[in-house]
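First up is the structure itself, then whatever we jot down about it.
Labels run A, B, C and D following the written order; every chain starts at residue 1.
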Amino acid sequence: MAGNSFGDLFRITTFGESHGKAIGVIVDGCPSNIEIDEEFIQSELDKRKPGQSKITTQRKESDTAQILSGVFEGKSTGTPISIVIPNEDQRSKDYSHIADKYRPSHADYTYQMKYGIRDYRGGGRSSARETAARVAAGAIAKLFLQQQGIEIFAHVSGVGQIEAPNVDSSNLKSLLETRESNIARCADPATANEMIDFIDNTIRKNGDTVGGRISAIVRGVPAGLGEPVFDRLHAELGKAMLSINAVHGFEYGSGFEGSRMRGSEHNDIFTTENEKVVTKTNFSGGIQGGISNGMDITFKVAFKAVATIMRDQETLNQAGEETTISGKGRHDPCVVPRAVVIVEAMAALVIADQLLKQRAYSNI
Amino acid sequence: MAGNSFGDLFRITTFGESHGKAIGVIVDGCPSNIEIDEEFIQSELDKRKPGQSKITTQRKESDTAQILSGVFEGKSTGTPISIVIPNEDQRSKDYSHIADKYRPSHADYTYQMKYGIRDYRGGGRSSARETAARVAAGAIAKLFLQQQGIEIFAHVSGVGQIEAPNVDSSNLKSLLETRESNIARCADPATANEMIDFIDNTIRKNGDTVGGRISAIVRGVPAGLGEPVFDRLHAELGKAMLSINAVHGFEYGSGFEGSRMRGSEHNDIFTTENEKVVTKTNFSGGIQGGISNGMDITFKVAFKAVATIMRDQETLNQAGEETTISGKGRHDPCVVPRAVVIVEAMAALVIADQLLKQRAYSNI
Amino acid sequence: MAGNSFGDLFRITTFGESHGKAIGVIVDGCPSNIEIDEEFIQSELDKRKPGQSKITTQRKESDTAQILSGVFEGKSTGTPISIVIPNEDQRSKDYSHIADKYRPSHADYTYQMKYGIRDYRGGGRSSARETAARVAAGAIAKLFLQQQGIEIFAHVSGVGQIEAPNVDSSNLKSLLETRESNIARCADPATANEMIDFIDNTIRKNGDTVGGRISAIVRGVPAGLGEPVFDRLHAELGKAMLSINAVHGFEYGSGFEGSRMRGSEHNDIFTTENEKVVTKTNFSGGIQGGISNGMDITFKVAFKAVATIMRDQETLNQAGEETTISGKGRHDPCVVPRAVVIVEAMAALVIADQLLKQRAYSNI
Amino acid sequence: MAGNSFGDLFRITTFGESHGKAIGVIVDGCPSNIEIDEEFIQSELDKRKPGQSKITTQRKESDTAQILSGVFEGKSTGTPISIVIPNEDQRSKDYSHIADKYRPSHADYTYQMKYGIRDYRGGGRSSARETAARVAAGAIAKLFLQQQGIEIFAHVSGVGQIEAPNVDSSNLKSLLETRESNIARCADPATANEMIDFIDNTIRKNGDTVGGRISAIVRGVPAGLGEPVFDRLHAELGKAMLSINAVHGFEYGSGFEGSRMRGSEHNDIFTTENEKVVTKTNFSGGIQGGISNGMDITFKVAFKAVATIMRDQETLNQAGEETTISGKGRHDPCVVPRAVVIVEAMAALVIADQLLKQRAYSNI
């Protein structure tokens, strides 16, 4: 209710501020008997952590996850799995230059208005650092989904005006390798180079930032997931993605472009392939009437540019007086390469939750 | 949990199939002492009902709402408000031509997979008729929000490739009048004519359908609404919109286009206007860190083309055999003019719910 | 959240005031493919309806249920089942004698304090008439549980100071027959006669009312139901029972008496019976650590005397002035015989909900 | 949903096993600007911790709470407050004597049936150690309620057959002092001595255990709390209490005894006292129609005897074979003195949650 939980049956609750003692998450509702591979969890966190490459923030933090409960002899027990990620960088810095100023397009002003108080150390709870907790929880959801034969893949499909071409998605494991071979996390190598050059030479060198887009595929989802009418599968995915910092848009299947098409073009014709019902096209993005139909689930997420820029900006202080705020420290010129694993984590959490619901309700 | 409820504190639960006895809704959590104007509720329903104009379905249904509870002497009592809308068109028709066939891009196949059973009469629960219940509930939310000085306005900003220019939104009441003066429900009269001509002459006459876009503004929302981190205000709006039949995309503020911009362009600079904190631009769409900042909340919703077309299409039957399905009856060539009031209703429900949460938590 | 829903996965939402147009319920989350026997639903409602015998209210109301949705060709479809029960007795009576007075031990004062408004017609929403909606929903839950081999039985085990002896519960169907053979709904015929005589001759003739107790058994529940730590099976049962009008106490297994015992007496020793794990005693009431262990689930519910008595009582009016209120009309001298089926309905709803949760989470 | 959360608006989620690394809790929904007095939280934990006196377990554990988030400069920020309590006693002991045996009246068997796995170290999640997390969270709720002028008091009113007389509750602070002056935590000194003697000399010396009862008063609750019809205030209190380990019964106001009374005796007559509406008696226990009426809220909770006894008991092992289990280690002969603060904590959590709901809905 207070907004720090996500999911109904497979539910996570995150906590922690960017410069407090720790951040973390409780996963409540993970079924028992799932092998909890701690190395996998850590490898997922490493894909999100700062300091990975020249096009992300240079801040170094190891983001080491500690499991406090819910796992016994390497397996989930069905009780809450709690994970804590200590903040290494919590030394008392001097925040006097921002403590009473509202950083433009940050959450400083709105937190002040909502709570009458704000933890100004590095953004407090509004910092994207909170998403590390989601990645850890998402890793557990992925371990559950792997047992069910479900794969999730996302990559950076756009940065600024640069747009990647459609990639051949027949083999997601191979796509993942290509993605991880470059620091832009784009599965098209040529576009990746273009993105890296643009972010490094045009954006970072000018103390600026730029937005981007992440495209995702979920494969192996059985038909039947999603709870009409309000909890349609794509509505849950949309909420999940829109809850990630900096996201301004979500579309699935044909998306916004689909709204320009005619029904005669857009309808996905049913046929059979290896005795399985499939559709000839997949403008539906694997979801019809809010329920998965067994085809690939596809969606795209739009991230705005990071608000912290290395330039002077006009703003107001808490007294409502005009002032200037300067960018300093280490920032992310483009956040999408680090956000790929967050998108995957949130998708995993949605699918895990819907899978448990379908288990509950299925009565065929 | 089973998906037919929306909202936490201001919560609605809808029920009913398109060709059953009735559809309806329970509004649980409407505060007491709201004047429940039944004529207003009916006028909202009339904006969604079929048979309004030559560019919507010719099916006639009056969609008359009956309030069964929760209102005493014209005011809400704080107890559940239940509204029933009888189905007039529930006569036992011959559905044998579709009963065992999966209509392309409809929910026939997925409902069968999910429930092992489907009510094939006119789509059953997956029919957009269900949204009439949302409109009735949304009308009650609007009556509550009116008391709080909050206005909601939506209009058709795109049909197929046709795109309306930005409209002057300084006076929402006047915009509403312009919108209601044309059957496309577009607030730009010239574009409206173009849309009407296109839908009537190019789409309808060819037995085809086309998608479109609806843009919305919510004005007068105080700063502080939205519950980080998962229940960000725009995440709730996004889920609400994506839960409407045929919606394939949602964006707020700068949206997808914003992901192509740089931070130095996109940041909204704070300033004051009449002693009130405002931002010089509003790429944030009135929401920062998931919390309203007092500026106009703006968003856009993409609707795919209606799947029912007046043409023959290949498909499968329940036995998995190839067959042909023919379009017959009366259909909507373009659904967005009737969907404007649904978008407004869902927005009203989100804002009402968040307003109650903010009342609960505010401790300043 | 606003309190008119019960259950998570098998969820009901009730609506309606005692003298409005109708009361009713939406059952959201009933699995598909359950045979919905409307005669059974009606027979359950008939056990609760007024006017059954000389020891209940003489008010006559037929309480006829109409299903509006969620059932197709006699089976549940997995979509919301809505049931409406029209109020026959809604004619505009003269309530001027109570409209501005607070009836002692009724909800008049608290509804006024909470909502600032009250529907004074027959108690409005606080009337026990609301429980008819629960009985209808509970009947659907029972139909689901019957498929699973689960039986629920309750009877009146105490009225005032009269206490029934323990009954032989080896055959619940036979106990049910005995219970239905007398108007006290007590499964011990001799005690039933004593209760009837006491209620009719001592209580009703003096215009008074009296409380009582209902004991219940749920048989056939598999081991594993209940969600620790907060949603223990008996905590859910307790909440369900305490939500029924006039209930002042709940105990399960050994209950309050068990708190007087020693561990060496109270511990239930495990053994096997027909290769099944059982306990030699059942002080645990079929629940250990909040989870069913496969033994009979047993609990008892205490109902206070009905507050409406046929006597003059002192009270206050809305202005805070002292006044006198007179009892008139037809009242229930003892409500427990009519409440037996409500207790069973609420138990069925709890078990159905927990059963669906266990289906979701079980990963053995 | 998975059962480890309690409350809707003021919501807690607990985690941790008795012999894992730590237990803890997230409090989500605590309003901002509450002074978080860490010493008070610790003093509450000290009332529950083991090793306090000769009539509780001799196990020593300091139960030191660490706040990881949600508090800034001594005040709540409105973001999740997370508290971790490390387990000091987590050394790898030899559990081979119980690892495959089902302890009678413990949760060993049911956890095995539910999850297919169990953490046998000291009861794992089913251990009452989990309630330390509730006490920490309850302390935060109490700090919030203190701001609102609400007091909560509980004491041991019965042990085995020993029953304390009614105590003069006009001054709760003085009662609290009396209670804390004896190790039985009974507010009647003479009865306290009787209880201590009985527990120490009759129960503990015989390696046995005994149950007891805790009575509670909540004072200063404004009229209007509680959400009919299912979330009646006493139904929420009942669920809260029944969710505590070993609780077998709950009653409020007149309770079970009230079910033996007549309406003419039981009805609470309204009158005024210092211009405030009060009732002459309080059989309603401060709650009418499920809503607080401003009078003292009173309830009683029954605890069964602790299942761990220092004696040999017959039982089964996981293979279903008969075996014997021996009691060893340090156990609680009577748990109620340590449970007083748990009852208070759960009551505080209920009232805090209902208070926030009433803030949300109140529209007078």
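As a working rule, contacts are C-beta pairs under 8 Å (C-beta built on N, C-alpha and C of every residue); 3 or more make two chains touch, one makes a residue touch a chain.
The UniProt protein names, listed by chain, are A, B, C, D = Chorismate synthase.
None of these values were measured; they are calculated from a predicted model.
Because subunit A and subunit B carry the same sequence, their contact can be compared by residue number, and over half of the numbers here are used by both. Compared on C-beta pairs in contact, C-D and A-D come out with C-D as the pair having more.
If each chain is reduced to the centroid of its CA atoms, subunit A and subunit C end up 46 Å from each other. The centroid of the Cα atoms in subunit C and the matching centroid in subunit D are 27 Å apart. Mean C-alpha position of subunit A lies 39 Å from that of subunit D.
Along subunit B, residues 1-5, 8-9, 14, 29, 32-33, 78-79, 114-116, 125, 228, 357, 361-364 each make contact with two or more other chains. Those residues of subunit B lying in contact with subunit D across their complex are 1, 8-9, 29, 31-34, 78-79, 228, 356-357, 359-364.
Partner subunit C is touched in their complex by these residues of subunit D: 1-6, 8-9, 14, 102, 104-107, 109-111, 113-116, 125-126, 130, 158, 160-161, 203, 208-213, 223-224, 226-232, 234-236, 238-240, 242-243, 248-256, 258-272, 275, 277, 279, 283-285, 287-294, 302-309, 311, 313-316, 320, 322, 357-358, 361-364.
Subunit D contributes residues 1-5, 8-9, 11, 13-17, 20-24, 26, 28-29, 32-33, 66-70, 72, 75, 77-82, 84, 114-119, 124-125 to its touches with subunit A in the complex.
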